[in-house]
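Note that chain A is present in both complexes that follow, paired respectively with chain B and with chain C.
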Partner chain A sequence: MTADFLLYGVINTLCVVLISPLFVSLVKKVKAWSQGRQGPSVFQTYYTLAKLLKKEVIYSRNASWIMRITPWACISAILVASLFVPLVVVTEPVGGIGNIILFLYLLVLARFFMALSGLDAGSAFGGMGSSREMSISAVIEPTTIIVFAALAFVFKSLNLIDMVTVAAAAGIPVSPTLILIGISLFIILIVETSRIPVDNPETHLELTMIHEGMILEQSGRNLALMELSAAIKQTLLMALLINLLIPWGLATTFSFAAIAVALCLFAAKGAILALVIGLFESSMSKMRFFRLPSLFMMAFFFSTLTIIIEVFA
Partner chain B sequence: MIGLLFYAVIALFLAGTVISLPGTARDTRIIRTLSLACTAGASLLLAVLSLIILVSGVPFTPAAWQLFPGFSVDFFIDRLAAFFLFLIGSVSACVAIYTMGYVEHMEGGNRRNLLCGCISLFVLVMALIVASENTISFLFFWELMAAVSFFLVMYEYTQEETRKAGIFYFVMTHLSTLFVMLGIIAFYYASGSFAIAPLHATPVSLPLVTAAFLLLFVGFSIKAGIIPFHKWLPYAHPASPSPVSALMSGVMLKVAVYGLLRFIITVFSPDLWWGVLILALGIASAVLGVIYALKEHDIKGMLAYSSIENIGIIFVGIGLFVIFSCSGLAVLATLSLLAALFHSLNHALFKSLLFLTAGSVVHATHTRDIEKMGGLSGKMPYTSVLFFTGAIAIAALPPLNGFASELMMYIAFFQSVTVVDPLLKVLLFICLALFALTSALSAACFVKAFGSVFLAQPRSPESEGAHEVNFPMLAGPAILAAACVILGVFAYQILTAFGYVLPIPDLFLVSLLLLIMAALTYVVLYFTASHDIRISETWGCGAKSQPSSTEYTGHGFSEPIVTIFSSIYRTKKSSTKTYYDQHDCIFAEGTAEIRLLKFFEEYLYLPIARGATRASARIARIQNGCLDTYLLYVFIAVVAVILFLGWSA
Partner chain C sequence: MTDSVFFDGIIKILFVCVIITAAYIITTKNLITLVRVYALQSLTLVCIALALYWYEGAAILLAIALITLVFKVIVIPYFITTVQEKIRIKRDIEFHFLSPTSSLLLSLGLMLLVYITLSRIFQDTLAKGSIGTPLFFGAVIGISLVLMGMMVTFSRKKAITKVLGYLSMENGVLLFGLFATELPFIIEFLIIIDLVILILLTTILTVGIDSTLEEYHNRLHRFYLWEEQEEAP
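This part shows the complex of A and B:
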C-alpha cells in the first residue's frame, strides 16, 4: 500500500463520514419545504447520531449473536466500500481496490447482515422488512449489473477509481451515453437508499416500510451505526453519479487548496442532487410493491440501450 | 514414491470396505469407526498425492492392470485430473470424520456397517473415474459409481419416500450411463480407439464427432443435474443420509463436470455453438435452480436445488471457456476455465459443509421442515456459526470463496466486450444480467434458510429441545468452513502461486481493510458511546410477550419473490365460494388451493414415461403365452431367414 493511497483513504473516509449525515438532512429539509413545513435543521442527523450514541443498547431476549455483530459488519463493509468511490481526490488504485463488482458485493454483504438481523428478534415487522428488502434487491440486481457493465464498457475499465480519474481528466461527460446511464443510476440510487416510490424512509407503517422495518429492533449505538452506514451508502451512490457525470473540480493532486475546493464543489453538487432527490420523492407517490418490477424494467431498458448503442456504434 | 502412494490409497479404501463386511453380522461400533478412519486416511492421502502432482505439474501414469483380455484398466493423472482428485480427497476426508459421529445416532442397526463400507467404495470409485485413461475403464467405474450410490440412497429403504426416490434415481442415473455409453461408442467409431486422446475431426467424421459430443453432454448433464435433467436431485438428496447427500452433491456432481471438461479439453476441438449450448443450459439451470430453491421448505431439498444452481454456474464458466477459445481470446478463456474449476472446488466445500450442518440440524430436531425449526442459534451455537460460514460462501459474499470464483466469472463476462460478433456480445450481456439475478436470489435464499432455521424463537417442541451435536460432527464441517475462508481470503495469492496472475482484486487486502475499519469504529465508539446494555422483550405493538407463531416464516419470507416470479413457478390458485345471500356478501363456505405445478414432471417426464409404457404394452402383446402363436413366430422367422439368405446370395 503506497503512501498516496493511504492518504487518499484517510481523506476519503473522513469526508464521507462527515458529509453523509448532512445530505440525509438536506433531503428531509427539501421534502419538508415542498410540503409547506419548515422541517428540521440541516444538522439534525448529526444531533440524532450524537443522541443515539449516549443511549443504552437494548437487545431482544430472542436475539442471537447476529444482532450483536450486524452493526459492526454493516459499518465496516460500507466503510471499505467507501474507499472504492473517490469523493474529492483521485489516486492510483492499489490491489484491486475500486473493483466495481467488489463494490457491489460489499453493499450486498451489508444488506445480508441487515436482513438477518431483521429476522433475529422474531418480530413480524423485521421479517417483513427483510423479506421485501431481499426481494427488491434481487429484482434490481440485473439492472445494477448491466448499468455497471455499461459503465465498464464506456470507460474501458473495471475500476471505479480509474473511471473517476478518466472522468476528472476529461472534466465533462466522456460519452453522451453516460446520460442514459445517469438515469438508470438515479433509479438505482432511489431503490438502494429506500426512498419513495420504493420505500418510505419516514414512516413506520407496516404497509410501506422496508428498511425501517429491518432496523426496528436496533437501538443506541447500534442504531447509530446502522443509520450512519445507510447515510454513507447514500453518499457513495450520489458520489458515483456526481463524479462520473459532472466531474469538474475534482482534485487530482494532494494539495490542500485543490482538495478544499473539491470538497466545497462536491458539497454543492451533492446539495443540488439532494434537492433533486427531495423533489423527486415529493412528486411521487409510493408504488404498490408488486408494481415495482416495472420501474426496474425502465432502468434495465436504459442501461441495455446504452450497451446496444455502444456495441453497434 | 507417488506410485506407492497411489496403491496405498486404493488399498486403504478397499480395506475400509472389507473391514466393514464381517461387521454386518454384528452391530459393532469399533468396526464402523475403523472403516471410516480408513476412508478418512485414504482420502487425505489422495489429497496429498494430487497436491504433489498439482504443484509439480508432472503427469503420473501408474502401471496398467489387464483384468481380462481386451479389457485393461489404465490410469493417467495430469493436472486436471489431479485437481479433481484433490477435490474428492479433501471433501471426502471431512465427510468421513463427520460420519464417525453421525453414524452412531442413525437407525438401522448393523446396516450401518454396510453404509460405512459403501461410502469407502463410493469415494474410491469416484477417484478411479477421474484417474481413468481410457473410455472403457471410465465407463466401468462410472457404472460402478451409479450402483454404489444407488445403495447409499436406498439406506432407509423401509420408508416409502426413500424407495420412490431410490427408483427415480436408479432410472435417471442409468439413463446417464446409457448416454455416456452411446457417446463412447460414437467416439470409438470416430476415432478408432478407446484411449481418451485428442480427436481430429475430418469432414467425413464430423457428424459422428458431433453426435459423440451431444450424447456425452446429455449423459454428463443428467448426472450433474442440469435442467431439464435435474429432477432426481431434489428426490435423492433429501431421502439419503446427510453424509451421503454431502458426498453426492459435493463430489459426485463434480465427477460429471470432470467428465465434460475432460472430453472438451483433451478430446474434442469444440465449435462455437457447443459453447453457446453449454452456456444457455448452464444459465437456465442457475436461474431456475435458485428460483425453485427459494420455494423449497425441506432444508435438504433446498440445498439440492441450490446444487442445481451452482452446477449451472460451473457450466456457465465452461460455456464461456468454449466461446472465448473459439473466438481466439486465450486469456479470457483461461480466466473462465479457472473460474469454472475454482467454483467446482468451492461448491464442493461449501455445499458439503451445508449438507453436513443441515444433517446435524435434522438430527437435533427430527424434522427437515424449516418451518418447524427456528431459534437454534442459541441451542446449537457452533453448528450455527458453521452453517453461517457456508451460507456466506454460497451467497457469494466477500471475502469468502464463493465470491472469489463468481468474481472471476463476472470479470470474464464484463470483458466479453472484446468478442467480435455483436450478436454474441448481446447474448453474453443477457446472460450476465441473469447471472446477477441468480447471485442475488441465492443471497435471498440463504437469508431465508439461516433466518428460519437458526434465528428468532423455536417454532416446535422438537426445536425447543434441540442440543448441540458431538465432536466429530463439528470437527468435519469446521475443517470445511476453514477451507472456505482460506480459499476466499487468499484466492489471489493461491492462484498466483500456481502461476495464474489474474486481474482480480486481492481479497486478503479487503479482509484486512474490513478488520481495520471495524477496529477503528470500535475505538471511536469506545470513547464516545455509552456502554450500557439491557435485555428486553421484542417490541410487539404493546403486547406483553410474543409467541413464536407471530414470527415471519420461511413461506412468508419467500412470498414476494414467489409472486414476482409466479409465471415461472406456474402456481395454480383456485378457489370456490358459496354465499348465504344472493348479493354474494355473507360468506358461507368455500375451498382455496394453491398448487405448485411440477412443470418438468408433468410436461416432460410423464409424457415420456407414458409413451414408453404404451410402446412396451404394444410389444408385450406379442408375448401372449399361446403355443400356437410361438410356433407361428418360429415359422415366420425361418421363412424370413430363408428369403434373406436367398436374397443376399
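This part shows the complex of A and C:
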C-alpha cells in the first residue's frame, strides 16, 4: 500500500463521514419546503447522531449476538465500500479496492445483516420489513448488475477508481450514453436508499415501512451507526452519479488547493442532486409493491440499451 | 475533423434523448405528460434536422425542421391539450396484450433485430467510416421508433393514446427519412401517415376522444353513424 493511497483513504473516509448527514438533511429540507413547511435545520442529522451516540443501547429479550454485531458489520462494510468511490480526489487503485463486483457485494453484505437483525429481534414489523427488503433486493439485483456492467462497457474497466480517473481526466461525460446510465443510476439510488416510490423514509406505518421496519429495534449508538451507514450509502451512490456524469473539478493531485476546490464543488453538486432527489420524491406517490418491477425495468432498459450501443456503435 | 467529431457527439446525445422519450411514451400513464413528451420528442427531431443542416447545408432540412416545429411541437400538442382539459379522463391505465414493462423488454429485442437487419442493408454507408456510423444509427433508431410506436398503438386501449402512438410512429419515419435520405417513397409515406392521423384526430376529437374504441363504436351506433345500425329498431 502506497502513501498516496493511504492519504486518499483518509481523505475519502473523512469526507464521506462528514458530508453524508448533510445530504440526508438537505433532502428532508427540500421535501419540507415542497410541502410548505419550514423543515428541520440542515444540521439536524448531525445533532440526532450526536444525541443517539450518547444514549444507552437496549436489546430485546429475544435478541441474539446478530443484533449486537449488525451495526458494526453494516458500518464496516459500508465504510470499506466508501473507499471504492473517490469523492474529491483520485489515485491509483491498490489491490482489489475499486472492483465493481466487490463494491456491490459489500453493499449487499450490509443489507443482509440489516435484514437478519430485523428478524432477530422477534418483532413482527422487523420480520415484515426484512421480507420486503429481501424481495425488493432480489428483483433489483439483476438490474444493478446490468447497470454496472454497462458502466464497465463504457469505461472499458472493472474498477470504479479507474473509471472516475478517466472521467476526471476528460472533465465532461465520456460518452453520450452516460445520460442513459445516469437515469438508471438515479433509479438505483432511489431504490437503494429506500426513497418514495419504493419505500417511505418518514413513516412508521406498518403497511409501508421497509427500511424503517428493520431498524425499528435498534437503539442508542447502534441506531446511530445504522443511520450513519444508510447516509453514507446514499452519499456513495450520489458520488458515483456525480463523479461519472459531471466530473469536472475533481482533484487529480494531492495538493491542498485542488482538494479544497474539489470538496466545495462536490458539496455544491451533491446539494443540487439532493434538491433533485427531494423534488422527485415530492412529485411521486408511493408505488404499489407489485408495480415496483416496472420502475426497475426502466433502469434495466436504459442500461441494456447502453450496452447495445456501446457494443455495436 | 473536429467538426465531424463534434457533430457525432451532438447527434448521439440527441439520439439518446429520442430513445428516452420513446421509452416514456411506452410507459407513462398520465395523458398530459404523454402529450408533453411527444412534443419534446418532436423538438428533438427538430434539433436533429438543424444539426444535419449545419453539417450538410441542404435547405430541405431547414424546411423539414420548420414544418416539424410548427406542426408537431406546437399545433398538434396544443390541440390535444385543449381537448384534454375538457374531458374527465386524465390517465390511461388500460393495456391490451402487453404491459408497459413487457413492451419495454420487447422494444429492446426489436431494436436489436432492426440493427441486425439494417446492418446487412447499409453496409456501404457503414463503410464510409466516422460519418457513416451516426447516419446508420439514425436509420436504426428511426425504424425502431416506428416499431415502438406501433407497439404503443396496439397495446394501449384509449383512442387518444393510440393516436399518440401513430404520431410517434410518424416521428420514426421522419427520423429514418432524415438519415437514409433522398427517398421519394419515404416522403409519400410520411404524407399518407399524416393524413391518417389527421382523419383520426378530427373524427376522434369530435366524438370520442375520452373513450376506448369499443365505446366509440357504441357512440357511433347511438348517433346512427354506423352502417349496421340501420336495421336496428
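A few points about this structure:
The criterion applied here is as follows: the second predicted complex is superposed on the first by the 313 of 313 C-alpha atoms of A that agree within 3 Å, B and C clash if a C-alpha of one lies under 4 Å from a C-alpha of the other, contacts with A are read in each partner's own complex, and residues count from 1 in each chain.
Everything that follows uses one rule, which is that a contact is a pair of C-beta atoms (placed from the backbone, for glycine too) under 8 Å apart; a residue touches a chain by one contact, two chains touch by 3 or more.
On a predicted model such as this, the values are computed, not experimentally measured, just so you know.
On the shared subunit chain A, the superposed partners chain B and chain C are arranged side by side without overlap. Once the two complexes are overlaid on the shared chain, A:I11 sits clear of chain B and of chain C alike. Look at A:M209: by the touch rule set out above, it reaches neither chain B nor chain C. With both structures placed on the common chain, the touch criterion links A:T304 to chain B and to chain C. Of the two partner chains placed by the overlay, neither chain B nor chain C lies in contact with A:I161. Seen from the Cα centre of chain A, chain B and chain C lie 90° apart once the structures are superposed, a value rounded to the nearest 10.
After overlaying the two complexes on the shared chain, residue contacts for A:S76 are found with chain B alone; chain C is out of touch.
In the superposition on chain A, A:F312 makes contact with both chain B and chain C. In the superposition on chain A, the chain among chain B and chain C reaching more residues of chain A is B.
After overlaying the two complexes on the shared chain, residue contacts for A:I183 are found with chain C alone; chain B is out of touch. Contacts of A:P293 after superposition on the shared chain: both chain B and chain C are touched. Of all C-alpha pairs spanning chain B and chain C in the superposed arrangement, the closest lie 9 Å apart.
293, 300, 304, 308, 312 are the residues of chain A that lie in the contact sets of both chain B and chain C, per the superposition on chain A. Across the complex, chain B is touched by residues 1, 53-66, 72-73, 75-77, 79-80, 83, 94-97, 99-102, 105-106, 108-109, 111-112, 115-116, 119-124, 126-128, 130-132, 134-135, 137-139, 141-146, 149, 152-153, 158, 216-217, 220-221, 224-225, 289-290, 293, 300, 304, 307-308, 311-312 of chain A.
For chain B in complex with chain A, the residues that touch the partner chain are 375, 377-378, 381, 384, 392, 395-398, 403, 407, 410-411, 413-415, 417, 422, 425-426, 429, 432-437, 439-441, 443-444, 447-448, 450-452, 454-457, 492, 503-506, 509-510, 513-515, 517-518, 520-522, 525, 528-530, 532-540, 546, 548, 550-552, 556-561, 563-564. Those residues of chain C lying in contact with chain A across their complex are 9, 12-13, 15-17, 19-20, 23, 27, 99-101, 104-105, 107-108, 111-112, 115, 119, 133, 137. Against chain C, the residues of chain A that register as touching in their complex are 175-177, 179-180, 183, 293-294, 297-298, 300-302, 304-305, 308-309, 312-313.
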